[in-house]
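Quick one: the structure is below, questions incoming.
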Amino acid sequence: MLPWNYGFHWTLGTMIFMGAFYTVLAIVAATLISAAWRSRRHLRSGTAEEVRWHSDFHDLPARDRPCRHQLTGELEYRDCQNSFDCRQCDTHRTLLEQRPPSKPDGKSYEDFGMTFPLDRMYHRGHTWVRRERNGTVTIGLDDFGRRLFGKPDSVELPRKGQRIRLNGAAWRIRKGNLDQPVLSPLNGIVLETGGPDSEWYLKVRPAHPDLRHLLEGSEVQFWVAGEMERLQGALSAAGTAPNMVNGPTDVAAIAAACPTACWEAVCGTMFLRP
Amino acid sequence: MISEKKPGKISRYGMSVDIDKCTGCGACMIACAVENNVPPAQEGATDLTGLTWMRVFKVDNGQEYPAKQSVYFPMMCQHCGLETPCYLVCPQQAVDVDPATGIVGQIPGRCLGCRYCMAACPYHARYFNWWDPKWPAGMEKTLNPNVAPRMRGVVEKCNFCHGRWHAAVQRAAEAGLKEIQPGDYVPACVEACPAGAIQFGDLNDPSSAPSKAAKDPQSFRLLVKLGTEPKVYYHSRREWARRIGDPSQAPDGKETSHG
Amino acid sequence: MQNTRRNLLKFIGGAAAGAVFTPVPWRLITDTALWSENWPGIPRPLRGEVTARYTNCSLCPAGCAVRARCVGGQPVSLAGVAGHPLSRGGLCAFGVAGHHLPYHPARLTQGRVEAAAGALSKAVANCNVEGSRKQLAANLDASKAALMAACNPGESVAVLDLRPGRTASWTYRRAMGAVHNGLYLTAGGPFSGAAANPLAEKARKSWLAGESACPTEAQALAQQRGTDAFVCEPTRGSDRHHDGVSSGPGGVASGGVAVDLTKPRTVLSLGAPVLDGWGTPGNVLAARANFRLIQAEALESRTASLADLWLRIRPGSGSTLALGLAALLDAHIAQAVTVADAAAATGLTEQQIKDLAAELTSHGPALVLPGYDCPEAWALNQLTGAWGETVVARQEAPVPEHWKNCAPVTDLAAVPDGAIRTLIIDESAPGDYVPWNAIRRKLVADNPVVITFGWTPDGYGRHSLFVLPTAVYPETLEDIPAAIDSPAAVFRMAVPLVAAPPGVVNPADFVARAVGIDASNALRERADAIRKAGHGVLFSSADGTSRPAAQVPPDDFWKALLEGACWMDTEGRRSAPPAIDMTGPEARPSEDARLPLVAVLAETALATVPPSPLMTKLHQESNLRLGRSRAALHPETARSCGSAEGGRAVLETSLGRCEILVVVDSSVPPGVVQVAAAPEAIDICGAFARCRVAFL
Amino acid sequence: MDNMDRRFIPAGVSRCSTRNFLLWLAPWAALLAFGLYAAALCLIKGLNQTHMNNRFAFGLWIFLDLTVIALGAGAFFTGFLLYILKLKELRAVINSAVVIGLMCYGGAMAVLAVDVGQPLRSWFTFWYPNVHSMLAEVTFCISCYLTVLLIEYVPIVLKNRKLREIPSFLVFEHELHKLVYVFAGVGTFLSFFHQGSLGGLYGVLRGRPFAFREELGIWPSTFFLFILSAAAVGPCFVLLTTWLVQTITGKRLVKPQVLQSLGRISGLLLAAYVFLKTVDTFVWLNRTTPRSGFLPAQYYAWKPFGIWILFAEMALFLAPMVILLLPKLRARTGWLVSAAVMACCGVAVNRFVLTIQTLALPTLSFDRFLHYVPSWQETGSFLAVVAAGVLVYSISFRYFVLFPEERELRTGPPAAPQTEPALAGR
């Protein structure tokens, strides 16, 4: 391989052979290095949470990531391509132009024994967001989530002034073995923290006012219906298939009925964080 | 094996073996082992795991008594001169063909022991050190200082006593000669053969015994159709014996046992 | 710039980076290959000044001239001496590896007591040997006493010389001559005691009577016969098929008989390994072109397969064939065996035998070489008309006059049973091997004292009370008797190339001093006697020249001999050897259902020497030769015995059993077991014997 | 304990209890231990522990290396189809294929390390490479490709549920996964070469007319035949293992269509292979052999390797080819799997003939036909590789996501697109 080795002579064969070999090595090395370098950059800029959400979303089964417009039946079938961030979605924009969300009738939507006030917007991870006068927003866990958890043993809330990121973990809820992160509905800075006892969890100054990626108005009922489907799916996967077809079903009751083992799996599925 | 300085003259050393003369005494095999520091067989070694750079086979014409005829057939590396199979396949240049002598040599210090060369050799003339080399206590005093003993796990083979060639070149240089004289360099087996059946010389020198043998119609080479140009010529008056070299029409000459 | 640590580090770093682009580090990595070459346990060859030294191989009577390549005085390889008039540059496989023998694993380094202490003390009691073996080895007076010990009348002290014709042999004869009841014995063979002779009777009677044989008569006979062969009874049937394995006519006494291979045009070999270590290999191969070789042998031996004509006869039917031929060659003598008998016995057709006889006479001069199983077939040569031409009596190299007052040469077979009390066997130089039972019956029944001198324990050492270690070629200084194929007398010595280990004894010296003779200088005396005789030439291996011995000053003569030179007598008047008679067919072992097979010895050359460890190349790492303790069977025979290649088995004959390793070989006739000759095998097989093979 | 273990098991799938898992591992671990002992004997006492000899310079090990590497070709070929030819559906098996490849190649390398007489000098091949030697080519390519496989295996490991909670792992995995097509490309390149070189290994042996093939370009025909056969059988082996895991675990891991399309691809390649192999055989017997002074009859004159072995080999490729090319048969799991089995056996026989039979046949007229039975050390060392493979695969299957579709397939029949809006509409 090296000119000073006994028996070495330069031939075309040598050059081609070595050329190919070193090229391969170079490519492999370069790829590895670039991967390492880019991940280092991510870690530096603290966008790890974002990455996590992307890879999680990427791993979600097709039925867990339907487009909001599929839920409403506007579209035949569509997987969300933007990890639930409709602000970058052209399809969403065009559809909104065609048909702005109809004003909801009534102040809140109620079904399956749950109440979803319509003065606020909902995130797919079962949090709600309410705009306040002073431009801040209040964030809380929606009825579905509360009933699913029941009364948590403890919660881990962010510190005041801490930055929370869209689809990153906003706070964690602990109950038994379960340690479930709740996805943040938006980017912002925590101003105040509430908790399970108060009606809200966080008061936040949003990074920017555009909250079009959240569900509101008439979409909510379709979404909730879809969520019940998913819940049923998750439960049956976990081995317990409650009958939800006839009569209103109480999520809390279901939750209570569900054995702890599958309980965690179910929460993971419903809160989009396996 | 690593020949630092090469003489101006380019030789093609070859051998000629008159199998009619060979009595199968085995002196060549012993002389070879003595010269090249080949260890005695270890416990459990067989004719398939032994180290016999030079090996004499007994070959018969496949007939029964009284028509049965046998010859003793010395086999060693045939030092292929073209597309040398072992040389081409060795992954790490542990086989080298000395351009000055045409001798196919093995560099044990570089051999990985993959045995690819053994699979490649049509003459089964290469041997693997299946055991650590061991000599009876005290016998290592009788080792030849011109040849390094090989370690376990490497391949070795006949190299026409290449060490003797180096010695001859050295002597010639000391004597102020440019090149070595024919008599100066003779492999151990040739020296030892009591019947004078084996002869050695430079195929580039028309007066040498092998060159003459090469022209003899009663000479033949083994598996010559493979196109590897072996440099060892065999000679026999007997027609059936000459067919040994050609498997496609050889008598069903099986390797029968000892004489 | 000032040199801060920072700069220093920078410099080092830069240097390291730069070095990567130079060959240096890579070259270093390459050289790490070197350590893997010096694997632990791989011996490093010694270095030193390279010299050439000359000697003569004493492994067999051929005594081939040897050029030893020595490094720092240590021989590292042996080769023949080109242009040597006797060995003609030839050296056999055993000779080529001779320099390994001193390091042979089986080498005997110190004497050992065979029998238990009780047996020893009894032996001592019976023949009042003072003191123990230790004294025997150490204290010569004690051992002298041991030698003189045979007290009961009719019991004698004997030396069995397995390689007669040496200077040492003369020493033994002198020693035994000096003892009132001493016997000098050689292994059988017709020439050790030629035709019946009144003197023999007398000699025998005399030692039976306990008085030493009359030396003057011995000399008288020696002159009259042109040979020093002492005459005793010819060997007789029952013993004969136990005759020792030898590469010539068994145990020819000093001088003795020789064949001249340059003369015959036809050579009939009755199983003699003519092309496989018989005679002087170089000489035989040189003469090979001159004669047509007819091999009558049971096995497809090397010689058989290389002969011009191979007659496959039944095992052990050699002498019957000889007798059959005799009947054809000499119609006047009414022979016990007719051609028909011979045909029946050998399995040849009568026509084949007739043709053979015809060829011996028509295509003469002919030479008949007997195998070890039919030594008396020498007599055939008396009928082919080549007696005295192809087979001649060889003059012996001159001996000092005062040596001639000595014991006669007695054939072991001629000694009455139970007559020997103390037997000394010299095994130091390989020679004939007589089956032990042929010796044992000559010893007294109760605790005979057997002293063996040898360098390995596995010869007669196995049967002896005392085994004393000797030097081995090439440590020894000894002369080598003339080979069977050298018609003229010769004298050459094996000179020591390496020093003998401490504690070894010189057998001849030992015996001589035991009886109070000084033979320490015997070789020199012999050399001087030869030089004084003044005929013959001296060939010097070192410079490849030969000079008339007369022109060499005595001291140079001796010095030359010490440098491996060889003295050859100029051949004088050819004299025929003493006439010998053909005896009836030997007592073939009777058919025995228990012993369905026939064991035949093979590889008889150097049967008694454990060969160099490197010989595994010939029998273990290849199948060129049959290794010791191996036996070859035909595939069917092997199958019928239920064995396969490499199987362990026990070979059993009427005389005993020994363990063998089976080699399957289709060239061995069915029903025959081809046994590699070795002491333990010869002990139970002799030349050939009925046997059975039982597998372990 | 069990709880701890559970945290590592991927979300949304079910695995057996820790105890059962350990019970399953135990025998394999024992086998591995035994094999390692055998291998250690060979390394410490030397190769005299094997039944190889100067004539049978290669034995069981080389034969199995060649076979295993051919089977492991599934890794590179699936990767090639998925990332280069964009056959998306194969995403369902790619992870499994990578693990299989890793096992096969890793095992082969391990065995080679025992097989050579001086393992400490293995690096010499990189130091003094002889570019004419097929073995040098093989060594380079296999060692490179093994590295690539390891790199491809890293994301699978880092994606483990527990490990990915560590941000740096998570991010690195994410970035690596984005670049995986590069490795797929490199892997394909390397594999093509060394699969070929393995064929060339024997094809170039001018001194062994039974193996020698004439050269097309710079490579003997076996070079290309090996690439083709490996590419054809690789998918079959992936198919086979997937089916095995499915039957052993009793889970549905991939959609039936995936296995079928693997079968289809393999069938097509087999067709091409069978054709070329036939042509090659005729050229070899009628032209190459006579030229080198041998008679084709001599090859098959020695029992037990009669001419039947040639036909057996062809049949073992022909039958699966037919089955895999007929959609009806392909659709039936029984046929599909048995076809895969046959193809795998076919490639094994092919490698056997080229290695073992080549060495068993005499070249010199007075030489003899050799028999060879591997020693227990040889067999043991190889069993170690098998055991290690099973262990690695079992652990990977338990803790990593080898079959991404598994999670969806757990809940009844896979959610077909049409049904979605109906649900949504309610």
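When the chains are written out, they are named A, B, C and D in that same order, and each has its own residue count from 1.
Just so it is clear, a contact is a pair of C-beta atoms (placed from the backbone, for glycine too) under 8 Å apart; a residue touches a chain by one contact, two chains touch by 3 or more.
Because the structure is predicted, anything quoted here is derived from the model rather than measured.
K.L.:
Which of the two pairs, A-D or B-D, is linked by more C-beta contacts?
P.N.:
Between the two chain pairs, B-D has more contacting C-beta pairs.
K.L.:
Most central chain by CA mean?
P.N.:
Of all chains shown, the one whose C-alpha centroid lies nearest the global centroid is B.
K.L.:
Using mean CA coordinates as chain centres, what's the subunit B-subunit D distance in Å?
P.N.:
Roughly 41 Å separates the two chain centres.
K.L.:
Could you give the separation in Å between the centres of subunit C and subunit D, each centre being the mean of its C-alpha atoms?
P.N.:
Roughly 64 Å, centre to centre.
K.L.:
Between subunit A and subunit C, what distance separates the C-alpha centroids? Give it in angstrom.
P.N.:
100
K.L.:
If a residue has to touch 2 or more other chains to count, which residues of subunit C qualify?
P.N.:
30, 33, 36
K.L.:
Show the residues in subunit A shared as contacts by 2 or more other chains, in ascending order.
P.N.:
As it turns out, subunit A has residues touching two or more other chains at 2, 5, 7-8.
K.L.:
Using the touch definition from the top, which residues of subunit D touch two or more other chains?
P.N.:
Only 118, 121, 124, 127-129, 132, 136 qualify.
K.L.:
Taking the complex as given, what residues does subunit B use to touch subunit C?
P.N.:
Listed in rising order, the residues are 23-27, 29-31, 33-35, 37-38, 40-41, 45-47, 49-52, 55-58, 60, 65-66, 68-70, 72, 108-110, 132-145, 147-152, 188, 191-192, 194-196, 256-259.
K.L.:
State the interface residues of subunit B toward subunit D in the complex, per the touch definition above.
P.N.:
42, 44, 46, 48-50, 57, 59, 73, 83, 85, 88-94, 110-116, 118-124, 126-132, 151-155, 222-228, 243-248, 250-251, 253-255
K.L.:
Provide the residue numbers of subunit C that touch subunit B in the complex, in ascending order.
P.N.:
Touch residues, subunit C against subunit B: 33-34, 36-39, 41-43, 45-48, 71, 74-80, 89-93, 95-97, 99-100, 102-105, 275-277, 281-282, 285, 300-302, 305-306, 310, 312, 612-626, 632, 646, 663-667.
K.L.:
If you look only at subunit A, which of its residues touch subunit D in the complex?
P.N.:
1-2, 5, 7-8, 11, 13-14, 16-18, 21, 24-25, 27-28, 31-32, 34-36, 38-39, 42-43, 48, 51-52, 54-55, 59, 61-63, 66, 70-73, 75-77, 177, 222, 225-226, 229, 233, 236-237, 265, 268-269, 274
K.L.:
Quick check on the complex: what are the subunit D residues that touch subunit A?
P.N.:
Spelled out, the residues of subunit D in touch with subunit A are 3, 11-12, 126-129, 131-132, 136-137, 140, 144, 147-148, 151, 161, 164, 167-168, 170-179, 182-183, 186, 189-190, 401, 404, 407-408, 410-412, 415, 417-418, 420-421, 423-426.
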